[in-house]
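After the structure tokens below, expect a handful of questions from me.
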Amino acid sequence: MGDQYRDTGWIGITLTLTILAFIYYNIRRASGGKDLFIRRISGLNALDEAVGRAAEMGRPVLMVPGLSGLTAQTMQALNIFTYVTRIAARFANPILLCCPDAAVYTVGQEIIRDVYQSEGLADRYDPDSVRFISDRQFAFAAGVSGLILREQAAATFFMGDFYAESLIFAETANGVGAIQVASSTEATQTPFFIAACDYVLIGDEFYAASAYLTRQPVLTGSLVGQDWSKLLVIFMLILGTILTTFEQRGMTDTEWKEGKWQTIEGGPRWKTFEDTTVSRWFNPSPEKIKIDRPKEEAPAAPAEAGQ
Amino acid sequence: MKNPATFAEKLQTCPKWALYLLLITVTSLPLWVPLNVPNKPKQDAMDFYEAIWKIPEGKTVLIASDWTKSTRGESEGSFSALVRILMRRNLKFAVYSTGDPQAPEVARNVVAKVNRERRAAGEREYKRFEDWLSLPFFANSEGTTGGIGNNIRAILGNAKDAAEGQAPASVLNSPVLKDVQKVQDLGLLVNVTASKTADIIVERLYGKVPLAFMVTGVMVPETSNYYASGQIKGLVGGLKGVYDLEQLMQYGINWQGPDGKTMVKSDRNGEVPGFAVDKKFLIGNGTMYYPALHGAVTLLILAVVVGNIGMFLGRKGGK
Amino acid sequence: MIPFAQIRTDFWTDLPGSSSANLKIIVGLLVGIGVIFALLRMSTQFRRPLIVGSTFIAGLYYILLWLWPKPIDRDPGEVATNPVEGLGFWLEDANPAVSQVRNIIAAFLIGLGVYSLLRIHVGKIAKQQKDWGFSLVLLVSMFGMAGVGFADWASRQGPEGAKLDNQANWGAINYVQDFLFDGLLQQMDAAMFSLIAFYILSAAYRAFRARSVEATILLGTAMILMLSLLGGISYLSDQAIEKMGGTDPNAFINNFRLTELAGWIQNSVQVASIRGLQFGIGIGLLALALRLWLSLEKMGNA
Amino acid sequence: MDRYTLIKTGFGVLATIGLYSVLYKENKFYRFWEHVFLGLASGFTLLVLWTDTLNPNWYKPMMGAAAEGADPAKPAYWAYIFLLPLGLMGYFVFSNRHNWISRIPIGIMLGLFSAEQISVWFNRYGSQIGDSLRPIVPTTWDSLTKPATQGLTPERIAEVNSQVYLSQAITNIVYIVTLLSVVSYFLFSFEIKSKFMVRFTTVGRWLLMIGFGAIFGSTVMMRFSLLIDRMYFIWIEFLKQGVLGQ
């Protein structure tokens, strides 16, 4: 059997697969026409308001999909921005999408044009409204804040992976009196958004957003699946806490080493967390198996091209 | 609110430029008159210091140096402190980076600086390729880190480094990596980082080699998760961490200094000697910047307090 | 020694610089371009399956690497003893190469980024719009940096390159590169980064008001943490409290020392709450990853 | 400090002041340095893409290398060439009829990324879940808090360390309650009716705020130290050591 399945290593795989199963099952369920409840997420009701106000002022809506390259977080941010863009398009409101990465720029162009076309407003679509600024963190920060100041953005949306630059954007936008809706998947940046922005999506709300906005079966279903998974985690936490509470007391004369029970040389000792069942679940210690295989005559040829 | 009328409003509407000017002043002045601030090292820093001090003789330390000038304020302090301790312990080390193409060069400069210090203090200088290796930058952090876990020699094998005035040779021939066949052969892997490489390293190397991190202040909360869950042996966080470490280098832990006094006590650590009895040798960035940090943070606290007082007075006035 | 002694070649690998290798490369390129032309002619109904399929297969590698039995106790240079192990070996070996594919494709896309910049700034210059001068500055410094940087890089290749680690051996080009990169670019990075300090001050002054319960909690915790950072203050206050506790090192009051308090908040409440947050984010990411891998959601739907 | 270094440092200071000037208001001086910055950055990006990504990870493996000095020859993996047309497909994004082709490379990148995320998920969160499981009932009432272990026998120390004292138990309870309440705050698809659960999630939000406050507090340190470092650069490195030559 494979290395990753020995001792308690399989638990991790099982857990991940279970969660994936939950999500997939609920997506199917929802696609099957079952409509599912989603609680109110305050920050999101602000989207329309923000864009609306920008329209009144006739000043642009500025969007930043985080600092990462083409990652899932960035895609999620772009998903939310398509919603924003759609409203802006209807209000005939200028938009600016600032990309930190060429691949993101490519996807951005594709998506934004799609939005205008699907709204039948292809004539309002301006390729320059999606811009590649720079993929160097602080050059990007300088460029974007320059844009915010010069274009006098009326509404700004910062969503995705934000790092140190978050506060530069937020304060600059605040300086020109823009409404700001923000969200960072980096827990370390959320407090700064909370301090400086009008509306903030905290943590998971960012992933829930597109489901909340569109109510598409796939997304709502997946959201329900995520909740099941969280309940599973909660259950594990409660069960595990109880287990440790009862196991981690008193002395022991055997300990779990290299995948089997062994008596401790030098007599019994006081139990620690390492002696509990849950500790073994999460820290597998597979026993050392020696397997001797024939060697190649010539030195090993390095990896094959990833095709 | 245009032209603030009442005192309460004045308190709440101090112009930004005035705040900024104050900030520049309080951060500049202390640099001209350095002084020694009393301090109490944090546990994670002590564990870090002990972890390095407990590395078996002759083991090699691998340093993932993922910082550049943009976080010089904190990272250079951490890195030079680390190098000072390793050199004091006569441990061989190799520096590589997956965080930023510039990291290796910045690291080289720091090592050179510490070497100059040692020359001045009349100690043995570290020879490139003999005592330490400057490995290149590897793009794709995930791939490289994972690779180091699976087969370290294959990953580092392509790299070259040159002793002073010699032609570059494969680093595998260097005494530094002589006894390192698997990643398990390393004494410790220290990540001096200002980026996500910390996560990547824990995900791919935890359990294969003891880890210790030196991170920027902003990363302390996230990385203390790893410290709390015992995935990393020790943690030096931000300027405070650097200052802690520099103090430990001075006073050790549970250790009687030359003056017979034990400055730092801890019941969670064993006795770890300090060094650098000569203070001049030890004026690192931490000791240099810490007073200015006091100025800045105090200003911040005052600003918040004043703002709130203003608000409350304003409310009273409103009633 | 014979240079290529240790190379075993097969269909996928060839002798470096050999004509057959170059031929294969050229043919491969032509085939690739041929594929593109084929795509242009391909009928519409195959488009989606093609995109979905390529996405799925690309992802399948990592899923296999994760689930396929990993070889036990593998040492460098060993040969697999059975097919299952064989695939396991192959997956492990391919990892370094596959993990580069994303970067390489992304690198090829940079042309689009440059196109975007040129589109905007050349346009400005051509139309002599407001600030066209600055656009010129941008383009000049861009191509300047790229050109000089490349020349510098080229001069550092080969066995002589290591010499240039020492400033004494620098030529003009190395100086210019050092000036542009080390003198300007990196300094501006640091400058922009440090701007945040100012913004923190103004943001805290403006927004940190005890208006609501939540705001007050946030404010209070931040204050305690900031105070505990001040070695001076925490040291003195701890001294004071230890005096209250008297000689007994286990005095209960010692738990309320500023450093203890800050540490306690960080290690219990903060770690816990952030972990709670992270679990949510992690599961959200997992769900999104699944949807993207199986192309369950259309790109950019909302 | 030699003249070159002095000039270099001088320009560094100038650029720093230029970017700082935006703090007062957006002005031409800032705009100049901003554009220099963006230009240099993009230029550098182009450079690094070749020197650090394409050349070492694509071109060299594709071409292979003859044996030189200590290191053996590397075979040519010609198949790498297929990545080039794959990348070029992205450029169809501006074509109105064939823009769909650009989704193939994008799809492949996303596929690789997503699948890797799935495969490393447990590595990141597993041990964090494991570490969150802590005993919440004290095992001894000898003392409320964990006694200091100075001057005790090793056995005694081991015992003390393994015991769960009241204060620790309380801490662990706080910990687990925080964790649970925060996680349940992020449940979206359940209509929470019971008074208790409503309170519980509200508490979760409050505890989250404590976490954020703590992060803010500890982040401040880094931001300021970077500013201090800039000031060190201007005052000490440039003015004191450079101009005044001390």
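The letters A, B, C and D name the chains in turn, as written, and every chain counts its residues from 1.
Simple rule for what comes next: a contact is a pair of C-beta atoms (placed from the backbone, for glycine too) under 8 Å apart; a residue touches a chain by one contact, two chains touch by 3 or more.
Remember, it's a predicted structure, so these values are computed and weren't measured experimentally.
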| item | value |
| --- | --- |
| Most extensive contact between chains (C-beta pair count) | C-D |
| Per Cα centroids, the chain farthest from subunit A | B |
| Central subunit by CA centre of mass proxy | D |
| Centroid spacing, where centroids are CA-atom means, of subunit A and subunit C in whole angstrom | 15 |
| Distance from subunit C to subunit B - Cα centre to Cα centre, in angstrom | 21 |
| Rounded Å distance, subunit C centre to subunit D centre (Cα mean) | 9 |
| Two or more partner chains touched - positions in subunit D | 19, 22-23, 31, 34, 37-38, 40-42, 44-45, 51, 53, 57, 61-62, 72, 74-75, 77, 79, 82, 90, 93, 103, 106, 109-110, 113-114, 116-118, 121, 123-124, 127-132, 148, 150, 176, 179-180, 183, 186, 208, 211-216, 218-221, 223-224, 226-227, 229-230 |
| Two or more partner chains touched - positions in subunit B | 16, 20, 23, 27, 70-73, 139-140, 142, 154, 167, 218, 221-222, 225, 228, 240, 293, 296-297, 300 |
| Residues within subunit C bordering two or more other chains | 6-8, 12-13, 61, 66, 76, 95-103, 105-106, 109-114, 117, 182, 187-190, 192-198, 200, 202, 204, 206, 208, 218-219, 222-223, 226, 229, 266, 270-271, 274-275, 277-280, 285-286, 288-290, 292, 299 |
| Sites on subunit A touched by subunit C in the complex | 1-6, 13, 16, 19-20, 23-24, 27, 69-70, 72-73, 75-76, 78-83, 86, 99, 101-103, 105-107, 110-111, 114-115, 127-128, 130-132, 135-139, 141-142, 164, 167-168, 170-171, 174, 185, 187, 191-192, 194-196, 202-204, 206-210, 213-214, 216, 218-219, 222-223, 225-226, 229-230, 233, 288-291, 293-296, 298-306 |
| Complex interface listing, subunit B residues touching subunit A | 70, 154, 207, 218-219, 221-222 |
| For the subunit D and subunit B complex, residues of the former touching the latter | 23-24, 48, 51-53, 56-57, 69-71, 116, 120, 123-124, 127-128, 130-131, 148-150, 211, 214-215, 218-232, 235-236 |
| Touch list for subunit C against partner subunit A, complex | 6-8, 12-13, 61, 66-81, 88, 90, 93-102, 105-106, 109-114, 116-117, 119-120, 123, 188-189, 192-193, 195-196, 199-200, 202-204, 206-208, 218, 222, 274, 277-281, 283-292, 296-297, 299-302 |
| Complex interface listing, subunit A residues touching subunit D | 12-13, 15-16, 20, 36-39, 41, 70-72, 75, 103, 106-107, 109-110, 113, 127, 133-136, 138-140, 142-143, 145-146, 149-150, 164, 187-188, 190-192, 194-195, 202-205, 208, 211-212, 220, 223-224, 226-227, 230-231, 233-234, 236-238, 240-241, 243-245, 248-250, 269-273, 276, 278-279, 281-283, 299, 301-302, 304-305, 307 |
